[in-house]
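First chain written, first letter: the chains are A, B, C and D, and each begins at residue 1.
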Amino acid sequence: MSIATTFGLNLLQLAFVVGLAPLFSGIAGRWRENIQGKRGPSIWQPYRDLRKLFAKEDRRSESATWIARFAPYAVCLSPMLVTLLIPVLTDFPLFGAFAGDMLAAGFILGIGGFFLTLAAVDTGVPYGAMGASRTRMVGFLAEPVLIVILFAVSFVANSTIPYIVQQQWVHPPAHFFSPAHVLVLVAFFMLIIAETGRLPVDNPLGHFELAMIEESRVLDFSGRSFALLKWGSAMKMVVLAVVFVNVLFAPWGLATTPVLQALAQAIIAVFIKIVVLLAVLVVVETSFSKLRLFRIAEYLGGAFVVAVTAMIAAVLSP
Amino acid sequence: MTWSLPVLGTAHFVPTPFGVFFSSLALIVAVPTALYSIAYLRRYAHEYSIGWFAFGYVLLLVAIVAVFCAADVVSFMIAWEVMTLASCALVAFEWRESRKVRAALLMLAMSELGALAALLAFLLAASPTHSLAFSTIAAHAAALSSTTRTWIVLLSFFGFGVKAGILPFNAWLPRAHPEAPANVSALLSGIILNLGVYGMLLVNLVLVPQDATLFGILAVTVGTLSAITGILYATIDDDLKRMLAFSSIENIGIVVAALGAGATFLSLHRLDLAALGFGAGLWHMGNHSFYKALLFLGAGAVDAAAATRRMNLLGGLAKAMPVTAACFLIGALAIAAIPPLNGFASEWLTLETLLRSAEVGPLAVKLGFVLAGALLALTAALAVTCFVKSYAMTFLGAPRSEAAQEVRRELSAAAGIGMALLAAACVLSGVFPAYMVQLVGSALPGVLHGRLAQALLPPFLSTHSNLPASFLRDFHSLGATIGAGLIPGRSLVLLHRGGTANPVVFAMSSTYLACFLLVLLVLIYVAVRLFAQRHAVREHVWAGGLHPLLPEMTYTATGFSNPVRVIFQAVFNPRTTENTREAVHENFRIAITRRREEVFVADRLATTPLAVATRATAGFLARMHHGRLEGYVLYALCALLIALLAIVR
Amino acid sequence: MNAQAFIPEINALICGFFVLSAFAMVVVRQIGACLGVFIAQSLLLALSAFVLGASPFSWHLYAVGIVTLLSKVIVIPWLLRRFVPGEIYTLREISQSIDVPTALLIALALALVGFVLGTRLVTAAPLLATQNVIVGLASLLIGALVLAVRREAVPQMLGILAMENAAFLAGIAIAPDFPLIAELAIAFDVPLLAFIVAILTRAVYRRVGSTAVGELAALREHPQ
Amino acid sequence: MILFVAVLLPVLAALWCAFPRSERGAPVVTASFIAASFLLTIWIAACTAARGQVVAVGDWVQVDAFAVVLMLAIATVSFGAAVYSTGYIAHLNPPPQRVRLYYANFSLFIVSMLAISVCVEPGLAWIAVELTTLLSVLLVSFADTPEALEAAWKYMVITLLGATVAVLGVLVLFWAQHAAGGTTFTYAGLAADAHRMNPVLVSAAFALLLIGFGAKIGLFPMHTWLPDAHSQAPAPVCAILSGVETSAVLYVLIRLAATFRAIPAVHADLWFAIFGAASLVAAALLIVQTHDLKRLFAFSTVEHMGIMLLAASITTAAGGIGLVWQMLSHALAKSLCFFAAGGVALVAGTTEIAKLRGLQARAPLVGTMLLIGALAIAGAPPFAVFLSELAIALAAVYAGHVWIAVVLLLFVGIAFAGMMGKVTSVVLGREDVHREIGRLPRSTAVVLVCAAVPVLVLGFWIPGGLAHLFSTAATEMVAP
């Protein structure tokens, strides 16, 4: 395989994530409404929102510095960068495969969060700072869960390279049904909910400032900045979903050779897998109510315990 | 340079690669700091002697280099003590301020006790050979009994731990570091802490290489606990410099934990993994030197401009001080382990090293490492919170006091250059990990020498015996070897090899990440420029209909860190003093004064009880000296009787 | 009957009186009486030296006896009368830190310790007179107690001198041929001591208004 | 002969002071005679280093390496104190009568101390020790305040109590030797006969001498007079009392140690270590809480006596070297401390720690020297005491007595912390502007600065001759 091919495939992955991210969030949005008995918006609504926002002027706070302008880019950047590192469509390593492993990917996802949090304070709105503080609370509570999951993964796969990890869960197949695997999945699922700010941790559709976590950070963004932020968070969701389905849960259906047909099949397979995951996510989401702020610690504490149990199971299993 | 002393033998200095690594790190930090000092010290010139400062500064640097080059216990201890005295003198540079003198004194006293414990460790190590030369001690270390070894580990770990600022004897650090002038704080956090690490490694890695796991376990445990307590207290602190001081505790904790992981692997005879641990620790230590010095210099610039270090009173300084703000941001990004900066690189390697307990080690080690890893992850996440808060509350948003509003300009160009140099060091050490790994690896002493590069920079182009051919082919085509020409035979990717099932255990290339970031950024930027509305307007912020939004109504640093305070209440165990005499106005309670005070855990658990016990004993002895002669005579009489009855056979 | 045979008995009698004088130092209440007891004790010491020096003849011991007579019986009382302010001798009672019965009990205990230790010593090696060592040791300890009991300058000093007497009482028995130069120096030391005490007492009297040095407690470590 | 000249020269100065109206010349005369004595001592030291010993009257008056190091310390400190006195005493402006008394007493006091170092006969040594007390009592009470008189009285009573106990010890020792058939009543003679002596007698002598001389050395718990006397005496006298007088008495005890060691049942080393450790521990803790600068340094003397006794309990050559070294470096450093404390008293009128602040701003020389002195005596490098204490700790570990090293290092550390805490609060901080600040006399200032030089130089360099003296002294101590 030539550098050009792998590089091209990497770009294809990027395009997949960047292009379909709004669609996935549209699908999730619509299903959520459906479950609640409403008709819901079109699944293409996010694309329309983005187009509208990109066309609008950018209104900025007086106190804002370049940080507030840069933050939306950073929010988009970090999931895109992670996309280059993980197996989205192929199960053979691509150009960015060794530029970072899962641990590094965790750190990379922090870039966007870091700048967005700064930007939230930068605008000078008290709600922004409040949201910043609260997202950081979720953030620092989620981090140990991630690392323990990685420990469990690394005890099983002896590697943190996602391309290798995805092989390990299915070779031998017993791994797939091991308690460690199941528990890792549960813990990671809980982590996705926390990281993407969904119920019961946060309500992305809430509009009461004092109860918001994630959304209050972006209150004072508009126009293209807001568009980038929305797109970025959708991409982050997809990236986490891809890690979940392709690396941890069901590493099947990926292209094993760099030929067009295999790739097309892979695109469809991955799309379906993510949609299934979204369905589960939406069901879970709608069956819980939002937790009080400091109860989130208990929720993530629970995730931590699950992860530790997974890890212990991984250590104890031969 | 040598000279002879009775009993103590010959004192001499011999530079080793290990010491040279530490000294060059010290000089890299010291030079920009000196540059910064030119501008910074002007504020002291009317009251204090700059000449003495310069003298102390140079003396300190000379002593530091001497410590790193010392080749025997006597010259080591002399250099060490001169270093301690010089650094305390610099902390107490503003000697008219009693608070600063007291801080320096606490530092001096605790360092001294630590140094004496370390000295005892040296003496124990020297006891079989009756020679104080390091080479002799190292050559005959095998003759030491296991009890002696245990004592050496404990004494050297906690003795040098005082200087390194790890629990439980680091109460001096959050007092002394903030009180020093900022350029001294930069040296203290950037260099002096490294000396403690050097001492620990000197004893436990160079002189008496441990085959017992004690050092490793101890270092991982204490390091992790230091890291988490350090960052917890840093996160809730309002004082910019004290926050940085607590964060130094955190970072050195991470360093020590990494070194402990290395030592544990060493005791399990996995030299490659041991090299990873020690390398990660030393690299993180160097990185910490860079960014902590940078951050302290930035904090000093803020302090000098706004005359306060309280984040609650700062805010919005980025506009008046763009250079400081930019440099501080780089420091904050680095310390918060944001890729592709240096803090990320070394912290990543540290965590990866802990993950390697998957490969070896008994179950207890595995579980311990998992807990340590989880706590370090929490630490890293809290560090993000801490530095988001401190950067945002200092430089962004609205100024929350008049002093902060009136800041107009930077400290000076020289200060800016000093900070920029350190920022550049942060970026370079992060973006070129392969170079750093080589540098650090070549500094590792003894059996570990060169192992780090072997473990992380496999020469793909020459030897690839145990890798599957298909994988190698892929790897080549992946372009991971781009940059191999820069360091012959080396790539820009850090990569740890495994077996056939897992050819790559972990890999990372912050060089690539940096390139990707830049390329993607340009792509997004261009796309947005091409397709988006470019018009932008500035407006007042919407604040629930309030207008204007007064500075005091915005979110404060204390508010920002409140979740941490609430969640980790058990650790902080704050003392709440409620003022019951609240003001009453027309039958309404209008004010309840409530003060919550978080006392540093090391103070609570170690320093205060020890100080109280010492003072109580001293008070008891003092009551002996009641001034009446009859009592004194009775003491003598009793002593006489006891001596006569006990001695006469 | 040979007079030589009575020497140990005589000496033992002297020693008995000596220990009695040591107790008396603890008990007596006037400074003048203290001085009197001290003079008596010094006389006993000299007597013991003469008696022991008689057989076998030892001019060392005679020298000690004469020096003691000269310095302790004549010079020191004169010095104390001459230099120390006269008023203090008129005091009816002098202040004590421990009341007399308690002091006596402690003295008794100390004497017991001294006797036990002295007995252990005298069996260890041959010497001129065993009583001297036992009594000397006991009196030495009692003398130290005098220092603790007395608060007046002169009695305290007499306590030191009594200790010295006790030490020499033992000394003449155990080291009869101790180099003369030492004895001479001791003979000079003691008057010098008395002289300095006298000067100091005068100064204290002048500065403080009394000679109750035991009451001086300004120099202390613990504030109150 | 030269020994007699060196020791007795200051007597001439005392005689000069006996003449009426000699008070104007007395300072210079005293200083110059003591200077002469100091120079002669250096010569004697050189002779001793070359020949092993200098004998004046065999078995009575002679010096060997150990003695000459002590003599050197005494002469050096005395010389400094004598010069220091010229300015210091004049500054106090006492009546002429007292000036003469002071200098006469001062010279004789120094003679008595030098005598301790040259006498090898324990009886003579005891007399010299007793004389040091008697001759220094009036120096202690020189200020003629109630406090000074109280201090002098306590000093006299406790040390004389000790002296009478010690004299009995000397007598018992003499008895023991003669009962064993020995005749040469000298340090060396005793050590040679020791193994034949009766253990009961030797142990009794040891107990009596340990307590008796211990009272004078300032061992815990007989040290109570020491902070009083050393805080009330004029600074130059303090320097001598603390710097060398206590060490000189300790010297006598250690000289006799070989005799006690010959009888294992006595456990002399154990008792040395117990009393040494007790003194060290108590003094270190007392330093933490004391309230007066001079008392602080006095407690530090107790601490150092403890250290030296600990060193004495290590019976190896290294321990001996450490002891001698410590004796010398303590003398130099402690005298510097008291010179500086005297400077504080002169410029600020008090040595009470709570009343002093920010001395550095108003009297930089005194402040700096006080800081250096405190660092030096507390055992910070690069000053002499650090190396000697390091040598002692090392000797303890080499000899297998790790606990000695532990106690030593721990409590030296605590004392260091306490001392630096007190001294920095005096020297640094915002100055007290209301306080009257006096001027330092020139001779005092000169001595203050010069006294720091040997402390600093010996902190990293020991001249070959001195090192030779140390090691010879150590062998004399271990196997006389």
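Throughout what follows, a residue touches a chain if its C-beta (ideal position, glycine included) is under 8 Å from a C-beta of that chain, and two chains touch if they have at least 3 such contacts.
Everything numeric in this text was worked out from a predicted model, so none of it was measured.
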Could you give the fewest steps needed to travel from subunit C to subunit D through chains in contact? 1
If you tally the C-beta contacts, which comes out ahead, A-B or B-C? A-B
Can you give the whole-Å distance between the Cα centres of subunit A and subunit B? 33
Find the geometric centre of each of subunit A and subunit D from their Cα atoms only, then give the gap between the two centres in Å, rounded to an integer. 77
Could you give the separation in Å between the centres of subunit B and subunit C, each centre being the mean of its C-alpha atoms? 69
CA centre of subunit A versus CA centre of subunit C: separation in Å? 98
What positions in subunit B touch 2 or more of the other chains? 619, 621-622, 624-625, 629, 631, 633, 636, 640, 644, 648
Residues within subunit D bordering two or more other chains: 153-154, 157, 161, 165, 200, 204, 227, 286, 289-290
Once the touch criterion is applied, which pairs of chains come out as touching? A-B, B-C, B-D, C-D
Can you list the subunit B residues touching subunit A in their complex? 316, 318-319, 325, 329, 333, 336-339, 344, 347-348, 351-352, 355, 358-359, 363, 366-367, 369-370, 373-378, 380-382, 384-385, 388-389, 391-393, 395-398, 473-475, 477-480, 493, 495, 498-499, 501-509, 512-513, 516-517, 520-521, 524-525, 528, 531-533, 535-544, 549, 553-555, 559-564, 566-567
Given the complex, residues on subunit B that touch subunit C span 619, 621-631, 633-634, 636-637, 640-641, 644-645, 648
Tell me, which parts of subunit C touch subunit D in their complex? 117, 120-121, 123-127, 136-137, 140, 143-144, 147, 153, 156, 160, 163-164, 166-167, 170-171, 174-175, 177-179, 181-182, 185-186, 189, 192-193, 196-197, 199-200, 203-204, 207-208, 213, 216-219, 221, 223
Touch list for subunit D against partner subunit B, complex: 153-154, 157-158, 161-162, 165, 199-200, 203-204, 206-208, 210-211, 214-215, 221-222, 224-225, 227, 265-267, 271, 282, 285-286, 288-290, 318, 321-322, 325, 358, 360-361, 375, 380-382, 386-387, 390-391, 393-395, 397-398, 400, 402, 405-406, 409-410, 412-414, 416-417, 420-421, 424-425, 427-431, 460-462, 467, 470-471
Within their complex, state which residues of subunit A touch subunit B. 1-3, 5-7, 54-65, 67, 73, 76-77, 80-81, 84, 92-101, 103-104, 107-108, 110-111, 113-114, 117-118, 121-130, 132-134, 136-137, 139-144, 146-148, 150-151, 154-155, 157-161, 164, 168, 171, 209, 219-220, 223-224, 227-228, 293-294, 297, 304, 308, 311-312, 315
